[in-house]
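First subunit A sits with subunit B, and in the next complex the same chain sits with subunit C.
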Partner chain A sequence: MLNSLSTLWENDLVKIGVTLGAVYALYLLAGAALGYDLSGQLNSLRRLTFLIVLYGVGALVVNLHWGYSGLFNIGIVGFMAVGVYTTTILTRPVAGQNPTGTLPGLGLPLPIAIIGGVLAAAAMGYVAVLPSLRLREDYFAIVTLAFAEIIRITAKASELQEFTIFGTTLGTGGGRGIRTYPNPIDQFFNGAGKPIVAAASSFGIDGSLVTGLAFVLVLTLLLGLVYWLIVRLAESPFGRVLKGIRDDEQATTALAKDTNSFKIRVFIIGCAILGLLGIVWQGSQGYIAPGLFVPQLTFFIWIAVIIGGAGSNTGSIIGSILFVGIIYLGPGYLRRLVEEYVGLQGSVSTFPNAVGALLGGNVDPFLLYNLDQTSALRVVLTGVFLILLLRRRPEGLFGSRREIAASIDLESRVRDRRNSAGADGDSE
Partner chain B sequence: MTPMSTASDERASSDDQLSAETLLEVEGITKSFGGIKALNGASFEVATGTLTGLIGPNGAGKSTTFNVISGMFNPDAGSVRFAGEDITDLSPDRTAKRGLVRTFQLAREFQNMTVLENLMIAPEGQIGESSWRSVFPGTRGAVRSQEEEVFEEAWEMLEFFDIDHLALENAGNLSGGQRKLLEFARALMLEPDMLLLDEPFAGVNPSLEEKLLSRIETLRSQGQTFLLVEHDMDLIMEHCERIIVMHQGETLLTGTPEEVRSEEQVIEAYLGGNVA
Partner chain C sequence: MLMSIVDTIKQRDLLGGNTRLIGGAVIGLLLFIDLARRLTSGDLTAALLAGYIWNGLTFGLIVGLAGVGLSLTYDLLEFANFAHGDYITASAFFGWGTAYLFAGAGEFDPGSLFFLGVGGTLYPGDVGISVASAPAAIVAGLIVAAVAGAVLAVLLDRLVYSSIRQAGTISLLIASIGVAFTLRYLTVYVFTQQSFGLTVSAWVYRIPLPGGKLNISAPSLLLVSVSLLTMLGVHLMLTRTKLGKAMRAMGANRDLARISGIPSERVITTTWLIGGALAGLAGFMIALLQGTITYQIGWTLLLLVFAGVIMGGIGSVYGAILGGVLIGLITRVSLVWIPASFTEAMGFGIMVLILLTRPQGLFGGEIS
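So, the complex of A and B:
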């Protein structure tokens, strides 16, 4: 029994499923404690899954770049920005055709614009990696970080807010941001899919929730596709050379491999996926502004990879589940639970007030103040998590795991060889 | 794949005639780092199918010579010709593609990869190295069948070196001597025309050294060409056909072991008895 359980655990999908199930159960319990109804519970899971899936895609790319190829890319958010900004500008209605008077663009259909956005992110990846090939990994990291900041600041520039080129008016919206494209899923449920929404409402499920859940489902399929793509890329002769570059680039060169070509290709592939990630993530929120693309998001994705363990695709997904479930969304739920059960109400806006009360013997204001600082709590939790990890498992949860880079199953072939050698007897 | 194929067998059978053929030709290479002249006009030749030893005291420029030949450094002056073609300014990967493959003084195995992956990374012309081929169902079949072949080659190599029991071990967990074996095997997976071995026996215990030497002898009898940096004078005298003596970035003397031995007094006088 134990044995069969442990073989079951060997399966990657089981590991992911069990972790996800545990986090879901935690949130359902929290939801029940908070008295959520069905819609509330579903919405809480929707938000959780939405973020896990998106962080998962980002983490897989970071793992492809860093875990497999040793490319220290901390400009993740910049390539996401290029993707979503390009798609937005391509889809905005042509000047004069949009009655609302918002920023005009090129008026292309969404599918073409998405391809355009992905290609733009890939092209930007090429531009970023080309001058950086000769740099050591730490300098490479600085270049990518700077690149992402250049992209963000360029999008913010007032000169690019709205301009006319070759008779076409377009722009990034500058610091004020820009409206993105309508979500095709929303459109579907407002049109042909109306009966589904109506049917769901009869079960007491919010109409907007149906749309949201359907979108999360589509994103999950996208994550599956990216996972499949990256696993196949990594477990192949191509991935083998990438691992060689990560371990010792000079030795890889001495084996007649043109390492630069491999680094360029893997960087571009990763950046293209990041472009798509930006398109479905920030693009789906209806509005983008440069402030969304600060380096913090890059580091959050990195933390997911560090928790999971660089070098493992399964680890990256599990890291994303734990990061979103505990570090990112955890503090908000904790606060609501405390408010519900400890009976804390109101808010304390400044630190001196909180400490003052604490010195006066009243703990409540201090607690209230801390729980209000959701984003600060995330950073604190991140720190706690990282310290624990460094002390217990510096290589990450799945970092020591082996994902052999070959298009065929080497472990079973080696086992076969040994078995047949054993069967032949000790004739040698 | 038994290392070295039919062409090499012919080479071995008509040894005398062909051993005169020059495979590698180094002419007047110089290389300075800052104010230090690491190489100062070193010149020598290596004939096809021979095991040639490169000796000299520490700082004589042996490793720099290897780095220049393999394309890691570009020399300030001089030229390197391999199989009749100028390879002086070729990058390391292009040099290796021509069939001139090196190993490193400190074994540089891929630590976080299995021993099997270490070998399977090496063979040239793997179609799965193009990123998309191993992804899509239509092209993946060809990649997989080539992977089977590469696995076969790698397995034979592992057996040849008696390290097949380590196939799925992470290379970083191997002992120093096993790592040397692995690096040697990995270089052979490229089926090179010539191997540059930088101190292959350093840190290797005597029984393993015996094993490595017998491998080298086997391969040489099949026509493989070697250039070997080594500090153990007795080993060099016993196994090499030709010996190149370097000193202060120059080639001091080239000859058969007998010739070098007869010059030993000269060398001793020259280098203060510190050749090996």
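So, the complex of A and C:
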């Protein structure tokens, strides 16, 4: 019985499922302790899954770039911004048909705009990677960061906020941001899907939650698609060359592989997926602004990969589950639980006042201050966790799974031979 | 098409192997001619241009000072320290807190003073610091910022970097990103994301020039003097002291230096101390120049500091300073041609260009 359980555990999907299940159980417990009804619990799980899936896609791309190909991309948010901004500009109603006071666009239908956004992100990836091919990893990282910042500065520039070119008016919204596009899932449930909403309301679930759950389902399908795509890519001859480039680029070049072409292609594919990620993530929130595309988001996606171990797709997904479930959303729930069960007196003041009170024997203001600062403490926690990981277990949870380029695993053969030689007592 | 023209020139060696240099010189010449044209036609006044140059110089000196530490550790320990920006921020807050304590001691509550009146308990007008009215406070703050930067750098090396030094340049880079975010959001935890006004305005020299006046503010004069003195100090340290010579030796060839008996741990610690102290000075002074400070002050500087370091050549102290000044001048003087929103992007663009054409920078390879 135990044996069959452990063989079941070998299956990656089971690992992912169990981790997800454990995190779900944790959140359901917290929700019960906070007195959530069915609607509340479903919404809590919806939000959790929404973020897990999106971070999962981001982590898979980082893993594709770094874990498989050795390309250190820390400009991730820049490509997401290019995707969603392009789609927004392409699909916003044309000047004259848009509600007054909002920015006009090119008025194209949403599916075409999405394709346009993905292609724009891919093109930006091409521009970024083409000249940077010869750079070593850390210079490449600096270039990608510079690109992401240039993109953010361009999106923020007031000169591009609203402008007219070739007779058409469009704009990026500058620092204020721009309204994006309506969610087709929303429109479905407001139209053909009305009966489902009516059925759900009998359980106390309102329409927006049904839409939300359906959207998360669609995003999960997207994650599955990206996962499948990347696994197929990695296990193909294309993927083998990528791993060869990561392990030893000169050797791979010596074997007559045009490494530049491979690096360009994998970078573009990753950036295209990032563009799509931006389109379904920030775009679905209804409003985008340059301030959303900050390095902190890149940092969070990277840590999901590092937790899971660079080089493993399963690791990236499990890393995302753990990061979102415990580090990202966890502190917020902890705060709500503390507020519910621990009666704290007073109001939030400043740090010096809180510490002063603490030294004077009054713990409440200090606790209140900490509860108020959960979003900052969350990042501190992430940073400290990253440093500890790098010191104790740099390969992450699944890093030892790093796939090698050769189809014959020489390293394990040598290891086996050494082990058997030792066991036989041979002196070699 | 442009690429194929460039490729043809390279292949047929039409310019004797100096394509990039000549290309750069041509662009420089064109810009200079355009500048002269604008000056003579009246589009651009001498006062405005002089203002740009002065601003570029003062800003560039700060970028250069911050770059020295980054450049030294990049060369010696072989990793890009992305936390350097947050060393700048943290030491700046320490320094200004101290300056406020000095200036307002006795009149105001020390907790409010040291934490810069976070949450609205104190305003710059109440304390009224400026270079003219409270010079002792400013100097005290400067010194504390430098000390704080030095201590922070060494502490973080002992806590984080020293144990993973063997792990390779990328692991150290990732660790430094972790340190960067930890420091930055600890700052947010204490000071929130509020922007703090710091000074009240001091006197301004107004030099009349064709087209207007060149404004030279007191903070900028202090800045230039402190920077020049510091650079002189660093130069003397590198050339006259034994430790300085050891640093130059280690930068040039670490293994050889070790064999000759140069204590590498001492050199590494000294490098962090100097780099951290200069970062502290840079942080205090950029806050003084801008008159405000936020938790992002170092981070927004960091990419430009990288740009300056790369332009000057990693490992070269003089290169870092020169590169920083160049970056400062480029980002300010480019206002002649491009709108203000894009000057920073221009700085990054130049850095990318340098990385692609001459990654070793101007003085690449040597420490001085």
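One rule holds for everything that comes next: the second predicted complex is superposed on the first by the 389 of 428 C-alpha atoms of A that agree within 3 Å, B and C clash if a C-alpha of one lies under 4 Å from a C-alpha of the other, contacts with A are read in each partner's own complex, and residues count from 1 in each chain.
The definition used in the following text is that contacts are C-beta pairs under 8 Å (C-beta built on N, C-alpha and C of every residue); 3 or more make two chains touch, one makes a residue touch a chain.
The model shown is predicted, which means the values in this text are computed figures rather than measured ones.
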item: First (subunit B), second (subunit C), both or neither touched by A:G204; value: neither
item: Subunit B versus subunit C as contact partner of A:V384, first or second or both or neither; value: second
item: Which of subunit B and subunit C A:T154 touches, first, second, both or neither; value: second
item: Partner chain(s) touched by A:G167 [first = subunit B, second = subunit C, both, neither]; value: neither
item: Partner chain(s) touched by A:N353 [first = subunit B, second = subunit C, both, neither]; value: second
item: Footprint overlap on subunit A, where subunit B in one structure and subunit C in the other make contact; value: none
item: Of all residues in subunit A, those that touch subunit B in their complex; value: 229, 232-233, 235-238, 240-241, 243-244, 246-248, 250-259, 262, 265-266, 269, 311, 402, 404-408, 410-411, 413-414, 417
item: Residue ranges of subunit B in contact with subunit A within the complex; value: 70, 72, 91-94, 96-97, 101-102, 104, 108-114, 116-117, 120-122, 124, 126-131, 133-135, 140, 143-144, 147-148, 150-151, 155, 164, 167-168, 170, 186-187, 190
item: List of subunit A residues in touch with subunit C within their complex; value: 72, 74, 131-132, 135, 137-139, 141-143, 145-147, 149-150, 153-154, 156-159, 296, 299, 302, 306, 349-353, 356, 373, 376-377, 379-380, 382-384, 386-387, 390-391, 394
item: Complex interface listing, subunit C residues touching subunit A; value: 79-80, 111-112, 114-115, 118-119, 121, 160, 163-164, 167, 169-171, 173-175, 177-186, 188-191, 303, 306, 310, 339, 341-342, 344-345, 348-349, 351-352, 355-356, 359
